[in-house]
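Presented below is the structure to which this report refers.
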Amino acid sequence: MRKALEATELQAALQRLSEWRVVEGKLAREFRFRDFADAFAFMSACALRIHALDHHPEWSNVYSSVRVQLVTHDAGGITARDAELAGVMEEIAARFPRG
Amino acid sequence: MRKALEATELQAALQRLSEWRVVEGKLAREFRFRDFADAFAFMSACALRIHALDHHPEWSNVYSSVRVQLVTHDAGGITARDAELAGVMEEIAARFPRG
Amino acid sequence: MRKALEATELQAALQRLSEWRVVEGKLAREFRFRDFADAFAFMSACALRIHALDHHPEWSNVYSSVRVQLVTHDAGGITARDAELAGVMEEIAARFPRG
Amino acid sequence: MRKALEATELQAALQRLSEWRVVEGKLAREFRFRDFADAFAFMSACALRIHALDHHPEWSNVYSSVRVQLVTHDAGGITARDAELAGVMEEIAARFPRG
């Protein structure tokens, strides 16, 4: 079963995920790449992991920027799976040159 | 040079693009697919065309839904290139079963 | 457990998969699309399903053509999972205009 | 116009592309990744560049491996565009953990 993280668990997750913030109850981050090709290559790499995890982000792309928001609606908050997906995205983004 | 479409040109474009609306000055549409895999496959197919056109959407994905907004910031409005990209996306989306 | 299909099972599968042939012990098909963008969009759509099935093709791409070979090495032959993946690829390819 | 590289030009290109070999008249390399997801993410990132360059590889994927062969049929040999595409692929592959 999925339960929203307790405040202390969320703090611990945010310490590992130093670029992420909680915005309106969602785990949020903007990634900036060099150009559209890199931004979409990042999204493609994430998509395979997302599909395998069966846990999906709310994400948007404008040219070289990708904004991500993670929340588990069933649990009414941010769960361990959101933190896990954030970690996966962070690892993938780290491969790309910064924009 | 890119110029924003005149009102009559925009009306003509919207007649061809019957599922699109003008929302806050942008050409907008939400596509609904069966699931995440189809939604992202749609985005991947679009990405290759977008990259070749060198004209980029503002788009977001949540599970099986893809929302698109098209505008040409340099021209201060919706241009023929936005209408062209809308047409390309429409053609690609037509291949997928509806969600 | 995965077992190679019996001759009669394989015949039944090939009747459903009318464009596929057995070549050197593998279920094989060449897909032809309009151009590279369509060929790769097909591959991207397949990749998400492949990753979820955890069953992988041998496949190659040259411009608008994608050649696929399916076999289950552990089972020493063509299995029900190969036939399943062939069916998934067939369904995805059917969305694209023919090359 | 595209002309096949002279022997000395090809040698110079191969010195920059230290992992590539000439096999049957084509510039060839096998990339090995951790898993299918990384292999296909590499291919997706390449696809956007390939489409923009309008110069296409012969490439195949089996699970975590991607084999690439580059040649310019119109020129009857390996050209500067093949060497350029090899360089682009090398740069993209360098982002991924090795398999």
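So that you can tell them apart, the chains are marked A, B, C and D in the order they are listed, and the count of residues begins at 1 in each.
Here is the rule we use: contacts are C-beta pairs under 8 Å (C-beta built on N, C-alpha and C of every residue); 3 or more make two chains touch, one makes a residue touch a chain.
Predicted model only: the values in this text are computed from it and were never measured.
If you tally contacting C-beta pairs, which comes out ahead, A-D or A-C? Let me know.
A-D
Centroid from C-alpha atoms only, then distance chain C to chain D, rounded to Å. What do you get?
Using C-alpha averages as centres, the distance is 25 Å.
Using mean CA coordinates as chain centres, what's the gap between chain A and chain D in Å?
31
Where does chain B touch two or more other chains at once, residue-wise?
Expected reply: 36-37, 40, 44, 47-48, 51-52.
Using the contact definition from the top, classify how the chains connect: line, ring, star, complete or other.
Contact pattern: complete, every chain touching every other.
Quick one: in the complex, what on chain C touches chain B?
Contacts found on chain C: 36-38, 40-41, 44-45, 48-49, 52, 92, 95-96.
Taking the complex as given, what residues does chain B use to touch chain A?
36-37, 40, 43-44, 47, 50-51, 56-63
Show which residues of chain C lie in contact with chain A when the two form their complex.
44, 47-48, 51-52
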